[in-house]
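A short write-up of the structure that comes next.
Letters A, B, C and D mark the chains as written, and numbering starts fresh at 1 in each.
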Amino acid sequence: MSEMKTAAYICQGCGIGERLSAKQMAVVAQKEGKMQLVREHAFLCSAEGVQMIRDDIEKEAVTHIMIAACSRRAKTEAFNFPDVTMTRANIREGVIWSQPEGDAAQEIMQEMADDYVRMGCAEIKKMKLPQGTPDKAQNKRILVVGGGISGLTAALESAEAGYEVLIVEKQKALGGWAARLWKRVPAKSPYTDPIDTGIVDLIASVTQHPRIKVYLNATIAQTSGAPGRFLVHIATENGAAATEEVGAIVQASGFTNYDINKLPELGGGKSQNVVDQAGLEQLAIEAARQGQPVRRPSDGGEVSSVAFIQCAGQRDESGKHLPYCSGHCCNTSIKQAMYFKDSNPGIDTVVIYTDLRTPGMGEDFYRSGQNRGVTFTKGMVSEVAAHGNSCTVKFKDIILNEDSSIEADLVVLATGQVPNSGVNIDLAEDAQAEAKPVSILNLTYRQGKDLPQLKHGLTDSHFICFPYETRRTGIYAAGPVRRPMDIAQATEDATGAALKAIQAVENASLGRAAHPRSGDLSFPIVRLEGCTQCKRCTVECPFGAIDEDEKRYPVFNESRCRRCGTCMGACPVRVISFENYSPDSIGNQIKAVDMPDEFSEKPRILVLACENDAYPALDMAGMQRKVYSAFVRVIPVRCLGSVNTVWITDALNGGWDGVMMMGCKHGDDYQCHFIKGSELANYRMGKIDDTLKQLGLETERVTTCAVAITDSARVAQLINDYAAKIQEIGMSPMKGFA
Amino acid sequence: MTTPIATSQTILVVGGGISGMTAALEAAECGKQVILLEKSPTLGGRTALLYRYFPKLCHPVCGLEINLRRLKGNRNVRVMTMAEVSRITGTRGKYTVTINIAPRYVNGNCTACGECARAVSSEIPNPYNYGLDKMKVAYLPHDMAYPLRYVLDPSAIGTADAEQARAACKYDAIDLGMQPETIELTVGAVIWATGWQPYDAAKIQPYGYDRFPNVITSLEFERFTDLRGPTGGKILRPSDGKEAKNIAFIQCAGSRDENHLRHCSRICCMASLKQTQYVREVYGEEGKSTIYYIDIRAIDRFEDFYQKVQNDSTVKFIKSKVARVAQDGNSGDLILHGVDTEGYHRYANNHDLVVLAIGMEPSVKGVDIPAEIIADASGFLESETSGGIFGAGCAASPLDVNRSVQHATAAALRAIQVINKTAGVEI
Amino acid sequence: MNELNIKYHNNFLKEVEENIEEGEWIKMCMQCGVCSGSCPLGPYWAHPPQELFMMIRAGKREQVLRSDSMWMCTSCYNCVVRCPRKLPITQIMHGIAAYANNLGMAPKIQPTRDFSILFWKNCTRTGRVNELRLTLGLYFNDGLVAGIKKGWAMRNIGLGLMRAGRLNLFELFKGHECKDQKGIHAMLKKAAEIEQRHKHLTA
Amino acid sequence: MAKKEYAFYPGCSSQLRASAANYLVSTNSMCKVLDIKMTTIPDWNCCGASISYAGGSELSRLVMNARNFALSETHLPDQDIVATCAACWLGAREAKHKLEASPQLLADTNEALHEAGLNYNGKAKIRHMVEVLIEDFGYETLGKPVVKPLEGIKFAGYVGCQTNRPFGIAGESFENPKYLDKLIETVGGEAAIQYEQKVTCCGGALAFSEPEKSQKQIRDIVESAYDQGADMIVTPCPLCQANVEVYQSEINKKYGTRLAMPVTYYSQLMTVAYGGTAKEAGLDGHIIQPKKLQDIADKQL
């Protein structure tokens, strides 16, 4: 690419021209901003305004443009010049819409606008057009870990889309739990009868598929690399090892049934006639094979009454058992009660539940169960006592409000799903040893062998808007391993995960970022010669993208990187940067503002705002004409995690009177799109107090606040309160020293 | 409106809510060409009108912002708003879709400066607040609207307002000559993500939604607590603007009821649990929420949230389908009559406000869709994987946001399979 | 088997399904309680409908059949139109009551039961209701003295109605009646026979 | 307006000298004006009403109703059966539904009917007089003959149970039916629209057996009518009329209240509005006199 030619465009539209001197902004761009080309326009986003810019790019070979107009969030279709480097100074939402009308405010408002122009010019000169990472890994094969219904579905759906697939299953046969069911709950109209699991056909179409290769009795011994170039060592039972390269991974390692021996009070392990739902499926399959009804395990006697106990060892608040609900169990018990009713309507079947959970069309299945004569009773079971060939189920009948009991030949405990998540990388090694977990993926990642876990040992996934966003790019959890679920949902989930895997390999092959900065071609560039091997970047990267080589230098795996810049924020020696986002691109903006002297009574407050939530909130404050102090200068950042403390110290040294950082909520219900960014910023700022004291500054001169995107009114208030506080503690003594 | 180029390699996504946007973006980020159709003037759908999501109590527009940024940065998606499908013919791999586009009367020149809104005087009920307040006939749907472009309501056409709006616009963005258009597109696969609509609460006669002003729906309640809602984030009674501190939530309002909707709408239990936390947010210990339910369906991980709310001293649970709601004379208070079935306790409870946890109906009516896609007993779409039209999100099943996104992502892959197979792609 | 160990075994439910009008609906109840809350005489029910349904499933034969509750039904059909599972609750209540009565398990003192029977006798005797006989019949149901007392207590009403031409003393001797009473009695007799016939078939 | 003909099923209470005699009188007067020809089903019998459940078996109660259908089919072919009594209408409709639903029951029923030389072939349509008025005539038509609008009278339209549930009038809600209010307005009266006891049960079925319980219902119904400033209650049901009117004195005796709320029939309102005399409107058949209505009836045009 040829050498840099800069241009600045000042829009006069939307009242900018009326309320500000565009002329002066142009002068600032030219004189101070040193822009080689400066143009004003009455209506820059109009067809001919845009054409003017295009012509400059074509004829004048402009490579870097600074647009002073509306927010970078507005008019994105018009201001779309993919071949040049661009930044935008937010004069509309950020200045005229957030400042009061009238001459009184005129001067400081103009100063605000001029500063934004200065900052834009300073930034653009430090930006480059991202070329995309040279690490464009081309392998597009999908590895599916687990051959249950989730894994098989993910495999088949990927293959049907034209992708090569590899399945690694630790058992000797495919099918998982689904293969151990007699029938399944219906997922299509009519929702009235148990239906065939279809697992046989599914296995057949997978094994016969030309694009699917299957490893049985096999586990993953090691996984290294990154999307587009994962290297996987597969260990098979017979000792034979294989190495395969894949582009992305779907982890469908499934679940294990909660151990009913942990439920002795419910007869678990006490009697053959007390089984879990899986146990009953086994009996049903056995009976079907012999063409006779289900017999009583203890003596092969006839079964005349069956009790189903819901939430056995689930929804437990005592901390002894599973705290969550496994979602499928109500429908499953209804289905199993139907097994009996269909073989002999005379058999009494009672389902004891506290909340019957059959969402959606499951309600029809519930009705169908009642219609067959299955009895449902709201109750809390206290004890199952086995005697001889029968069991007494003692329970509190919640509707009839009395202690009650049922005699049953067979008792089925609806126990829950325990995810096969592998090792919990957030636990200390010794704690792990105690839990004796077996790793699923055996990642060679610096941050641990498996995907991080969420509450209850469920495998990572961002859980409302973006269910597949695990913290390990290119590795997607699917099925009950990440959330308890039934077959119908697991099938959908696996299909979605397959798409994300496909997306990951496509992105990797083009050197593009994955969600949430999808399509971003910038990537972290490190000047290793300056690196002090402090390891902060490798430890703090929320996505485990950075490993270490034998010399303990960081090794960046671009296609694992999500471009949040947390590493850049972490680096004490500032050797990490992106082509279009770097310590300098922000640092220069901080230095560029025109700093009034300490007698001017015009403080300057730097606002570093998260571009995902805080910055939009500020825009909307403008749209709603919420007025805030004209002394602030806002700089959007990719994530507070990318904020390097050098910016803060530079600002304070440069005479800024206060620094505000606005980021997303952190903690349990974190809302940071990069998971730990705002949390890390908070942690780092905790440390900055010492620096402030050294500089002889009040600690209030730096503050962090959690802001939600809906806080349009609140951000203005926060700013004004902070401005008031700064007025109170007075101007920075550092002014004029810079 | 210039007809966008579409081929048998194009995926059409119908519906610009969370499901439609997700399906479109996920497909586009796999490199596919997508046309995203929305019948209203803005993307975002119903979730843009929710105050918070369960169980994290985070804000839906936060995810919307990310999705909009994905959209702005992606050349593969072309968005058409105010556009509705009227007919689909053809088969998997080659469909012809007839689309009606309503005039917006505002063209691409619009900078969203808002001068037109200031220039007009007449107002219409604001659909983005479920008609609980008014908006100008020239309006921006909401701050997160995309495209960020004003709309001139058809009712203004031919009135002085229209002229004033046009005069006020410095950018020739108001085009009163716009006409309805009908275009035809050829696409390879279709994702049907038209979402859901609340069941007509007035039909649930015993609860008196049509008679008592202080009986509202759960969706209306979302707007009450939203800063941009009709009450600016305060929980006030429609009848007298009094603070409503003692609030009843009636579950299964329309759902699980063969007189109305035979299915369970899945989201309502969690929605009400969530809304009790709005009451706490606004009134702290002074707020009082009572949930009248048959079964609390806080499936899987949501159980945590249920337990959290159960431990909230301001929230009470009564296992009962309320028999009827009566209004207490002129006070505007409401009396709920029924029986707590846990041991048979009769009640007649007073509340300031009653929120009906209203059920979900699929919005799939009135379109001529090929037989390959069929509806279940409640009208939700059941797609045949052998076909090329796939239901996504709440058009296909009553789902919460998380499951809708999952479902839409899966639908995107099924559409991609169709596209790749017709092109004979092998990777 | 005594009631204890047949708890939640469907014997009684099956008995009810076989012998009670619309009884096969009982299993469909989902215990929402809307019926119990809708009954105008609700407060007088020891066991409201939804609870009765649960008791039937729980096998509480004695408690259900000896209960006063279902006799409280005023046939207002509130429960029927509100039931989300569309159970014909009014008819079921009548059915349970009638069945209890046939088994001789209905409470000994149960005025509604008495009135119901009396009404049927009264209207099938001549084919039409004789309102005066019906009223008096009920008053004198528990003996002469009680009857005179009640009659006296209600005398104003009676007189009022007479003055208004809405009650006619002559009804005691010859009131409204059908011509073809023979036919009516014959067909009712036949109906009884048919029902017996069906019982034997099922038994 | 073309003469319309119906098979009339008056029911036990709507006979001369029976508890709803005045309903019959006013209905006849009303029909005369509207040119409705009501031919009484020859030798009709009692429907058994819902209360007879413990006395009569399912089949015998069906047979009682089927007899009326059969008679109507034979003597008044192709005419809809019209009942004025809510209980009769409900009993008959229920019976018809059951016979339609079960071929077995229909067969059994006919086997029994043959003993009386009758047969039911399922044709007859059962309707309530109110249905006839609303569906076959419509409010506009019903308004035409009004010569004495019932100005200055506020009526509490009391629909009650059995004309309203479980079948009700097509298009009306069970909780808030509006047809009675519309009829009131059609004849120029004022309707107490806010009357919340509109569909409350009067406990009629238990009036004899559980007097204090049903009288509590009646008290609510009447007091709420007073709260609404109503001059009188109007109802389409003879049982509601009788109970609510007759027992007010009892309630006064027991509770020291001063209830004296007249309870009238829609047919009386229409008769008077159509210019009928107090006698023609059966206003002489009241225990609590509907004074304001009488005044209008007595007023010369």
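One rule holds in what follows: a residue touches a chain if its C-beta (ideal position, glycine included) is under 8 Å from a C-beta of that chain, and two chains touch if they have at least 3 such contacts.
Just so it is clear, the model here is predicted, and its values are computed rather than measured.
Enquirer: Whose Cα centre is nearest the centre of all Cα atoms in view?
Expert: Per-chain C-alpha centroids compared to the overall one single out B.
Enquirer: Count the C-beta pairs in contact for A-B and for B-C, then report the pair with the higher count.
Expert: A-B
Enquirer: If you average the CA coordinates per chain, which chain's centre is most distant from that of chain B?
Expert: The most remote chain is C.
Enquirer: With chain centres defined as C-alpha means, what is the inter-centre distance between chain C and chain D in Å?
Expert: 23
Enquirer: State, to the nearest whole Å, the distance from the C-alpha centre of chain B to the C-alpha centre of chain C.
Expert: 50
Enquirer: Between chain A and chain C, tell me the centre distance in angstrom, where each centre is the average of that chain's C-alpha atoms.
Expert: 64
Enquirer: Hunt down the residues of chain B that sit against at least two other chains at once, touch-wise.
Expert: 206, 256, 319, 324, 341, 344
Enquirer: Scan chain D for residues touching two or more other chains and write them down.
Expert: Residue numbers touching two or more other chains: 174.
Enquirer: Taking each residue of chain C in turn, which ones touch at least two of the other chains?
Expert: In chain C, the residues touching two or more other chains are 30-31, 51, 78, 81-82, 85.
Enquirer: Which two-chain combinations touch?
Expert: A-B, A-C, B-C, B-D, C-D
Enquirer: Which residues of chain D touch chain C in their complex?
Expert: 12-13, 15, 17-22, 43-46, 48-60, 62-64, 67, 108-109, 111-118, 161-162, 165-166, 174, 200-201, 203-206, 208-210, 213-214, 217, 242, 246-247, 249-250, 284-287
Enquirer: Quick one: which bits of chain D touch chain B in the complex? Just the residue numbers, please.
Expert: Where chain D meets chain B, its residues are 173-176, 196.
Enquirer: Which residues of chain B touch chain A once you look at their complex with the stated criterion?
Expert: Interface residues on chain B, with respect to chain A: 18, 25-26, 29-31, 53, 56-59, 61-63, 65-67, 69-70, 72-74, 108-109, 111-113, 143-144, 147-148, 170-171, 226-227, 256, 262-266, 295-304, 307, 319, 341-344, 374, 376-378, 380, 382, 397-399, 401-403, 405-407, 409-410, 412-414, 416-417, 420-421, 425-427.
Enquirer: Which of the residues in chain C end up touching chain B in this complex?
Expert: 30-34, 36-38, 42-43, 47-48, 50-51, 78, 81-82, 84-86
Enquirer: Note which residues of chain C are touching chain D in the complex, please.
Expert: 21, 40-41, 44, 72-78, 80-82, 90, 94-95, 97-98, 101, 106, 111-121, 123-124, 127-129, 131, 135, 138, 154, 156-157, 160-161, 163-168, 171, 176, 178-180, 183-184, 186-192, 194-195
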